[in-house]
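Report on one structure; see the data block that follows.
Lettered A, B, C and D in written order, each chain numbered from 1.
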Amino acid sequence: MTRASVVGAGMTKFGVHDTPMQELFGEAAFAAFDDAGVGPDEVEALYFGNAMGGQTENVTHLGPQVATHVGLAGKPVQRYEDACATSANAFKNAVEAVESGRHDVVLAGGVERCTPETGLDTDAMTRIFASASHRQYEQPTGLTFPAVFALLTKRHMHEHGTTEEQLAHVAVKNHGHGSLNPKAHFGKETTVEEALDGPVVADPFRLMDCCPFSDGASAVVVVSDDLADSFDAPVDVTGVGHATDVVPLADKDTPHVTQAARDAATTAYDQAAVTADEVDFAEVHDCFTGAEVLASEALGLVEDGQGGIAAAEGRTRRDGEMPINASGGLKAKGHPIGATGTAQIVELTKQLRGTAGDHQLSGVECGVAHNLGGDAATTVVSVMEGRA
Amino acid sequence: MTRASVVGAGMTKFGVHDTPMQELFGEAAFAAFDDAGVGPDEVEALYFGNAMGGQTENVTHLGPQVATHVGLAGKPVQRYEDACATSANAFKNAVEAVESGRHDVVLAGGVERCTPETGLDTDAMTRIFASASHRQYEQPTGLTFPAVFALLTKRHMHEHGTTEEQLAHVAVKNHGHGSLNPKAHFGKETTVEEALDGPVVADPFRLMDCCPFSDGASAVVVVSDDLADSFDAPVDVTGVGHATDVVPLADKDTPHVTQAARDAATTAYDQAAVTADEVDFAEVHDCFTGAEVLASEALGLVEDGQGGIAAAEGRTRRDGEMPINASGGLKAKGHPIGATGTAQIVELTKQLRGTAGDHQLSGVECGVAHNLGGDAATTVVSVMEGRA
Amino acid sequence: MSAQDDIELPETLSYHDWAAAVREGQLLGQSCNDCDHVGGVPSGACQECGGRDLTTVELPTTGTVYTETTINVPPEGFQERGYQVVVVDLGDARVMARIVGEHVDIGDDVSLSGFIDTDDDHPAPTFEPDD
Amino acid sequence: MSAQDDIELPETLSYHDWAAAVREGQLLGQSCNDCDHVGGVPSGACQECGGRDLTTVELPTTGTVYTETTINVPPEGFQERGYQVVVVDLGDARVMARIVGEHVDIGDDVSLSGFIDTDDDHPAPTFEPDD
């Protein structure tokens, strides 16, 4: 069932930008407006994501600032923050706003600046990223975000025999995909040897297992099912699932199964009346290579325990049976935190329209986006399908 | 028309708390649960506000953390940030969620820690509060938040003849009110002389014109109109207006009219089918005494230009014709940023039920809450009425 | 002769252009080609009509004080106390600025006098009272 | 003789109680009186059933490594590199901790050895491998 439709999508190149956040967001929002053929007068509200502007640049109340920049001053604006799932949560709420008839046309999107252009070095940014772990029960150990996913991945390796080579294959695949995407932060392919030769960040993750610090923005125009046909190229949102899990991670039943992703996927698939088998491709939250392995299993795209093997065998490559992260994923496309969730929606929209350019997949009709926050304790899973 | 009902309300004492945010929030949430007679299993989602935990304590992704603490892990959680209007925005979205049938029972609330218990001194907190002004076009002047409202108030004084004595009367009134409210940060009355004798923070504001740095939390259980009658003491939300304005403030048409408040009030009154004359009492965002003057006019509770006079004449005192901030307001009750919006809803709920205790107003049937963010560029106005 | 005759104004006004101009003693705004509204700082869209067809304009460097306050409790990063922040009415647009020199009141005439960049390299224009 | 015999356990377990106990060489959790679920850190409600009738319990100070990683790129505030963070399975509950001493692998037996409080006075328990 169609819950809402995306009728316009835009994003900046992900990478290094020496530009204030409102200008970065403006580039994405105007691209989405133009793609949809709407002006700001037709857009009724903004559902906005930014994860860490307060910490990186002493910027809060950014919603009305970016709204002003794109001509939406006056309209209701809400900022969401759910760590790396920030703009997927904004998107979910945007979908609900048009589905319920509250609004007809809304803008959902996000922006973030994470590169040293903010003036912050790796140590400072590593602490800021760690703010999404528990202040009292996790941060005091010196935990970092690579380490959060390393803890999950190590247990997966222990239980299923997943190897560092398999993880490297995820990186190689996504860099290969990213090399076809002009919006990607990294445009260069890599090799398993190169990946396994990098310095260790938090074992088993080496440098090439980790997504980069990126700047960027993304935005989509979301309209109600009723209105969608009056636009040129609507793509339907048929399911959005959102679930959380216990924090801190030690208290989760089985941390590496990422239960929130399973719960969110079940909800999203049920709403869309699809099964994992009917999904043609997916954008998943590969902040670290191990995270893609866990996500591909949690979404049912690969059997439990087979995520690493599937990557190594090329089954999740763009020419495989279940292409994952054809955009390059967070790993190669980049991960400007608050922009990542809606950037996945931008990618699904373009793939389902057949307008993804050099990295277009062939014959795709149903795509899934998986965006997580924190130690996977927030996950939003969205199903999109071409409009019949 | 009833959009939703509040069936449970709770808050901590506002003041100084040496307690992690999840525990503070838990105190408010459990009070709301108990007041409503619900357990976490009946609550379907959390609409959560926290404005600056990232900056003050390096805490993000706090939504799932507080959800875990109150037994809501697993459920969808969204964190809102709109500076000082943070939890009013969460409340608005909670109301829409139950009104649309998305959820039946949700929790909305917020928490903040702003006192030196976080380890931050006045200079550091002053910079953090300034993050809600424009990073590029306002912060570089050395602007502070007292100064933002001083700029608005000075122009109001220039145009309408509002005096420092009148501002002092707002402080005296709200301290008087707060002395009757055991949850208030300040329990002590003050005098006009004392207020006018304080050190200048940003002229015309002296220390007593400014709300304190507070820690605290508040929460309300919000249910759909249909469900409300199955609870003991529902109070109806009949209107919620939300509007924004241009940022930075120099670009606003007429900054001191706080147009977003006027727009939000118009929407809220229209939804509730009430006029300002029918409002019996209001909780308004008196972060500074001048802000109460502007708000009382923007809401139509006092004629334009008469806000200061009304306060000086006692017309907005609890025994006056239009009681404003009977709780003590931000000025005396305190202003834990992300908790303030839903604390106003807690106050309206208790007043309309007749259970506000020592600071109960008599015969009130319709109350208004006004919560603003930034330089008033975000404002949420809510109308609540006793259930017939 | 105004600076406008000398230098090329950027077609799309960015913060970086604006900041560079402040450092050069110039205030740049944008005029909307659809409704003639003038904005005092760079934006992607007109605040009046939402239009994106904007022309960069040089704003006057003299104006009157629209509102003002003197700040005695500064944020971290600002050492001094007792500085005055104003909104200056430049005719078509307003800008926020710091006052250097004598204290000013609402309605006083002021002129652009330079800039400060104590805040992490972000410049803010400064004005001084006219005699 | 366990410490439980000596000291009074707080009825409602707060972070401050937990932290004070960590400094005393003790790990406190909560047992749910409705469903018997044990949580490894203080909470207001049971993670299993949402119940609020919780009893503070002393957790074992020995366990096995559930998962582990060694961190070479630390956050600001942590000077050293190459430290190991683990989740320790204590039987009924798990806790996150720092390893001091030899590197450990999943399944290894470890014992509570003390705490670190390099992070702004927030203590984290430390474990060391058993011989």
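Simple rule for what comes next: a contact is a pair of C-beta atoms (placed from the backbone, for glycine too) under 8 Å apart; a residue touches a chain by one contact, two chains touch by 3 or more.
Keep in mind it's a predicted model, so treat the numbers as computed, not measured.
Looking across B-D, A-D or A-C, the pair that copies the B-C interface, with over half of its contact pairs the same by residue number, is A-D.
When every chain is reduced to the mean of its CA atoms, the largest separation from chain B belongs to D.
With centres set at the average Cα position, the gap from chain A to chain C is 38 Å. Chain centres here are Cα means. That of chain C falls 55 Å from that of chain D. Centre-to-centre spacing of chain A and chain D amounts to 32 Å, using the average Cα coordinate of each chain. Under the contact definition stated at the top, the residues of chain B that touch 2 or more other chains are 20, 68, 72-73, 127, 130, 135-136, 139, 246, 251. Within chain C, contacts with two or more other chains are made by residues 15, 43, 47. Partner chain B is touched in their complex by these residues of chain D: 14-16, 42-47, 50-52, 120. Those residues of chain B whose C-beta lies close enough to touch chain C in the complex are 122-124, 126-127, 129-130, 135-144, 146-147, 150-152, 154-155, 158, 199-204, 246, 248-251, 255-256.
Those residues of chain C lying in contact with chain B across their complex are 15, 18-19, 39-41, 43, 47, 66-78, 83, 85, 87, 93-98, 106-107, 116-119, 122-124. Taken together, the chain A residues at the contact with chain C in this complex read 18-20, 22-23, 26, 29-30, 39-41, 68-73, 119. The part of chain A that touches chain B in the complex is made up of residues 20, 51-52, 54-55, 57-61, 63-65, 67-68, 72-83, 89, 92-93, 96-97, 99-102, 127-128, 130-136, 139, 242-247, 251, 260, 263, 373-374, 377-378.
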